[in-house]
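Shared chain: chain A. Partners: chain B in the first complex, chain C in the second.
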Partner chain A sequence: MDAFILSYAVVNGLLQGAIYGGVALGLSLIFGVLRVVNFAHGSFLMLSLYISFWCWSLFGMDPYLSALINIPAMFALGYMVQSVIIAPLIKRESAMVVEPLSALLLTAGVFLVMDNAALMAFGPDVRALQAGYYVPTIVVGGIPISGQRLIAALAAFAVAGGISYWLRHSDMGRAIRATAQNRDAAAMSGINVSSVYAMTFGLGCSVLGLFGALIAPFLPISPAIGLAFGIKSFIVVVLGGLGSISGAIVGGIVIGVFEAVASQFVTATSASIGSLVLFILILIFRPQGIMGRA
Partner chain B sequence: MKTTIAAKSTRSGGLRLNQTTVLVTILLVLALAPIVVTDSFTLHSMIMVLFFAYMATSWNFVCGYVGQLSLGHAMFNGMGGYVSVLMFTQLGLSPWLGMLFGGVLAMVTAVLIGLPTFRLKGPYFTLTMIAFAEIVRIWIENTNEFAGIPLKGAEGLIVPNRGDDFWAFQFSTKLPYYYIILSFLAVALVATAWMERSKLGFCLKAIRGDRDAAEALGVNPTFYTSLAFAISAFMTAIGGSFYAQFFRYINPERSMGLELSIDMAVMSIIGGQGTVLGPLLGAAILTPIAEIARGEFGGGLLGLHLVVYGLALMLCVLYFPKGAIEPIRKLCLRYFGGNER
Partner chain C sequence: MSKSNWARSVQKVLMAGAMTAAMGSSAFAAEAVKMGCVLPLSGGSAAVGNQTKVGVEIAAKQINDAGGIKSLDGAMLEVVFADSQSKPDVGVTETERVIARENVSVLCGAFNSAVTFPATEVAERMKTPWVVVGSVKDEITERDFKYIFRINNKATYDAREQIDAMDMLKDEFGSGPKTLAMLYEGSDWGRSHAANVKVIAAERGYEIVVDEAAPPNQTDFGNQLLKIRAAKPDAVIVALYTPDHLLFTRQMMEQRLDLPFGVHSVGGGMEDPAFYKALPPEAAFYAFVQEDWQIDILKVSTDPAILSADEATKAALGYGMSAYTAQGISAVYVIADALERAKSADREALRAALAETDIQSGPALVTGYNRIKFDEQGQNTFAHGVISQNIGGERKTMWPKENRAADSTPVWPVPAWSDR
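What follows is the complex of A and B.
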């Protein structure tokens, strides 16, 4: 194995992994606060990709510009899903933590509706978006780096840093962390728990709005892509530790590099089977993930 | 204790419903239905209802009673289908025997998977099962030949036509398939009804209530969940062989994809998981939606029935957490008396 090809694979894996991490951020945030595994996570990304695509194809809007539509749209949709669909369940459960399986089933219902509504509306065809200009490819030490991927990967770090900072230093962020620690104690200290939950869900989904716009320029779009990214996000988040923001990025990079390097030695199929095996092993032997606390 | 039971039965008087009566009535009506139903489309739809009722009952056998959500059961369906079809095309073995081999393979796999994973709680178990099923599906989808066995990858397997041949599990009309799947369903329902009152059923329910408490009382959770999981996997694999023989074609996407796993789980949950008749009710409610969507719109509105499944699932989790069977059971209790639906 040539060292150059290997370093090329590592660099590409880093970029791809950071994007995986960025996409998985919202899943981890929502789980950390609401203890809900959002099965529809990938569906929100899929919808956001389609918004970017249609903005480009109908109005000729630049895909990066469509983030301005995507982010508020996904925030609103996430806010609505939480306050209309999941909130009644949380109200019904008197226990500290929501019955995790019922919440999973609710979001599985959202997944079925969103993915198949998209299939009905747009058909199973794969669509691709081409920006009107060319984002230059940077060459570092002989290794070409796609500009579009680099932008998305850097955005993942920026968003993860931004969310962590915001959670630590803003009033809303403190309220979110307090609610994550103890819902009842937070409610007794005057925090509006249901609004915190809806905000968190909205925030988690708006991250997908941003990444939908950022990865639309280089990703073929189809209704099935939601589930593919959803499963990838589960792997990433479990690897990094469910609920951990930094864990999502670390998990994403581990998976990205693992798949890129492994596919130099075995087929890409075996590499993706490998990451599923890694996922199962982590769940069985270290369910708190790499970065999570026991 | 005895007096209260006696008092109850005298109070309700003449018509008294219990689970066994309802079960026998439903099976009898289904057995006689083909006398009235003669057109091929309706019969096909009814076979699909029975098939999904059977699959949901198999899923319910472990997941409903032990309170875990498996979204990976389609892998057992795929194993049953692939083993029986490959044994038929490669070795000329009758699918009636091949399906038993598929069932045993599924059982062994279930025990190997179940031992480490049934300890995981809630969503963790669900995600692990999805991962196992995806591994099997991705592997088959990308493998054309393994150790000399032509798996044919994503292309899928075709069962060669042998005409009307009982040993080849092939019939020129749909009626034999109807009675075959009906008898499979009857066996699965009776097995569930029996299990519910056996030691296995009580242990599973104890584990569902509180795994640690059950273990402290001397119930071995690993043994009982593995046993139920193995039986459930066996039944699911038999269903997979039926599916392969009925359509005479299987591919990884349809016979072991996530969609089938979700179908099985959603039907059980909407009907009422952890009950004998719930999965049958769920399949009877949901499958006709898929069949009507297919019949009315052809391939035009892909995914319509799954949108309805999703909405039904959400409504059910929010308003009927015990499934659609619960309000029906209450109505029956009010009008007919009796103890169990």
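What follows is the complex of A and C.
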């Protein structure tokens, strides 16, 4: 194994890991505030990929420009799913539990409905978006870096930074953090908890809207695509620390770089298994995740 | 109306009714023959399954329009489709359902070897003949089963043809690959293909330097591509289904990975017309594809059934016949031929007739074979594919040399990305 291939592997891992992290951001945010594990996370991503695809194929809209439609559309969808489907459950169980486990089952139902509805509506064919221009591949020290992947990876850092800043410095952000810390105390201080929940869910989904637009240019889209990302997102978020924004990015990069480097020594399949062993090991020693608070 | 008039008109009505009933009974005297068709209509291989389904429907309609099964008083063919969801367990339960509940005389399917393998076991146990469509796993026709018949290649043939093509080009141009990389999907089809390639490559003096299986629905092939880059093979043999093949091909172009003797796909994704609609055409330039049928058959065939089937495919899918559509058509015509000779929809009689199959002309040969005749294991020993190369976006038959058109010249070695 020479140094060139190794550094190439690290670059690959960083790019892919940051994209995993960016996709997982919404999942972490929603869990951190609502304590709801959104099993339908991957399905929301699948939907946003289709939104970008249809914007391009029906209206000839640039995939990156389609973020302008994708983000608000996904926000609205997330807001609606929370306030119509999940809110009644939280309301009913609020007296009994802090972490509504049954919400996991509910979102699992949402996942099944969305994936199968997509299969019915869009058909099983694999689709792919082809931008009319070519985003150049940058070559750094002999290592080609796909421009499209680089944009998505950089966006992951930017969005994570942006959300952290916004959570700390805006009124809404403070309300969200207060709700995350103690729902009842927040409600008593005059925060409209159900609106904060719906906002947070919408925000989490709108991040997916952005990433749908950013990864649609290089990823073949099919109704089953959500599951692959959904499962990766869970691993990434739990590894990084459930509810931690920076943890999602760190977790993504740890998984991405580990898989990229390990798969140079063993088959990529064994590397994926290895990444799960790493996942278990980290959780044994840091049950709260790398960046999570105990 | 007087009473006698009234009575007379009642009489007329009754007579008319009786006549209709009599006519009806003669027209429907022959009960429709039910055939089951287990296909991946959803899940990872859905695109392929739906193309096969269209082929089956077209062939059944052609046969029914031409008067059905003549030896059975013009019995219509009725196809019962079952969705395997590309999953073995679902395929098996669907097979049981179609045999036991729908009471079909014969089955066909199921494209994914991982589904066909256990599902044919059910069919064998329940003594229902099964005509394999698309699956190439060797063992499907190596189990001494009596009810299983396969029209198309088995995996060994596919692997041998790929290496044959490399040998042929090496003879023709004086240079060729010495080291090979292999990337394949990790279920039955990919693994059995890889195992066959390894055996044949070793016999012919090729060295395998990368050997990678990938589970379906990957989100990134960067790691595998890097491994291939590091090992510097002369060519890569690929066995992936459509979504993964797309991702691999796209990333290979993005990363400008040069292989002097190119990509040799055993089909799967690169035979799927949906593949070429989802990719810039230059991404697949110069790729070699092991085709399950002679892709340029429509240029040489004059069979009206084949030509009209192509039109019907275009109407149904928006693109012309693919190997998958052709295989669906072929299976139905083989079954119809057996029904004609069996003169019965009985499963045992049909099995005996299928075993006696010897077709040397007609639309059953749409896939480009010269003959369909099963050995004692149920394998059609006359099956063969072709190897095509993508020249300027058109896949042209290069191997066997005698099937090559006059204007087709292989490009060998393959130009580097920077020279394209």
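Methods note: the second predicted complex is superposed on the first by the 280 of 294 C-alpha atoms of A that agree within 3 Å, B and C clash if a C-alpha of one lies under 4 Å from a C-alpha of the other, contacts with A are read in each partner's own complex, and residues count from 1 in each chain.
FYI, a residue touches a chain if its C-beta (ideal position, glycine included) is under 8 Å from a C-beta of that chain, and two chains touch if they have at least 3 such contacts.
All values reported here derive from a predicted model rather than from experimental measurement.
*Asks:* Return fit or clash for chain B versus chain C, each positioned on chain A through the superposition.
*Replies:* clash
*Asks:* Of the two partner chains, chain B (first) and chain C (second), which one does A:T269 touch, if any: first, second, both, or neither?
*Replies:* both
*Asks:* After the superposition on A, what does A:L15 contact: first (chain B), second (chain C), both or neither?
*Replies:* After superposing on A, A:L15 lies in contact with chain C but is clear of chain B.
*Asks:* Could you tell me if A:L104 is touching chain B, chain C, both of them or neither one (first, second, both, neither)?
*Replies:* first
*Asks:* Would you check which partner chain A:L119 touches, where first means chain B only, second means chain C only, and both and neither mean what they say?
*Replies:* A:L119: touches chain B and chain C.
*Asks:* One more residue to check, A:V277. First (chain B), second (chain C), both or neither?
*Replies:* Touch status of A:V277: first partner only.
*Asks:* Considering only the touch criterion stated at the top, classify A:L227 as touching first (chain B), second (chain C), both, or neither.
*Replies:* In the superposition, A:L227 touches chain B and chain C alike.
*Asks:* Going by the contact rule set out at the top, does A:I5 touch chain B (first), chain C (second), both, or neither?
*Replies:* second
*Asks:* Which region of chain C runs into chain B, 27-35, 117-125, 297-305 or 387-395, after the two models are superposed?
*Replies:* 117-125
*Asks:* Do chain B and chain C land on any of the same chain A residues, and which?
*Replies:* Of chain A, residues 119, 123-124, 227, 267, 269, 272 contact chain B in one complex and chain C in the other.
*Asks:* What residues on chain A touch chain C, complex-wise?
*Replies:* By the definition above, chain A touches chain C via 1-2, 5, 8-9, 12-13, 15-16, 119, 123-128, 130, 137, 144, 146, 148, 218-220, 222, 224-225, 227-229, 232, 259-260, 263-264, 267-269, 271-272.
*Asks:* Using the touch rule from the top, collect the residues of chain A that touch chain B in their complex.
*Replies:* 37, 85, 88-89, 100-102, 104-106, 108-113, 115-117, 119-120, 123-124, 223, 227, 231, 234-235, 238, 267, 269, 272-273, 276-277, 279-280, 283-284, 287
*Asks:* In the complex, go through chain C and note every residue touching chain A.
*Replies:* Within the complex, chain C contacts chain A at residues 41-44, 46-47, 49-50, 186, 211-215, 217-220, 222-224, 226-227, 229-230, 242-243, 246-247, 250-251, 254-256, 274-275, 278-280.
*Asks:* Which of the residues in chain B come into contact with chain A in the complex?
*Replies:* 67, 69, 116-117, 120-124, 126-128, 130-132, 134-135, 138-139, 142, 258, 262, 266, 269, 301-304, 306-307, 309-314, 317-318, 321
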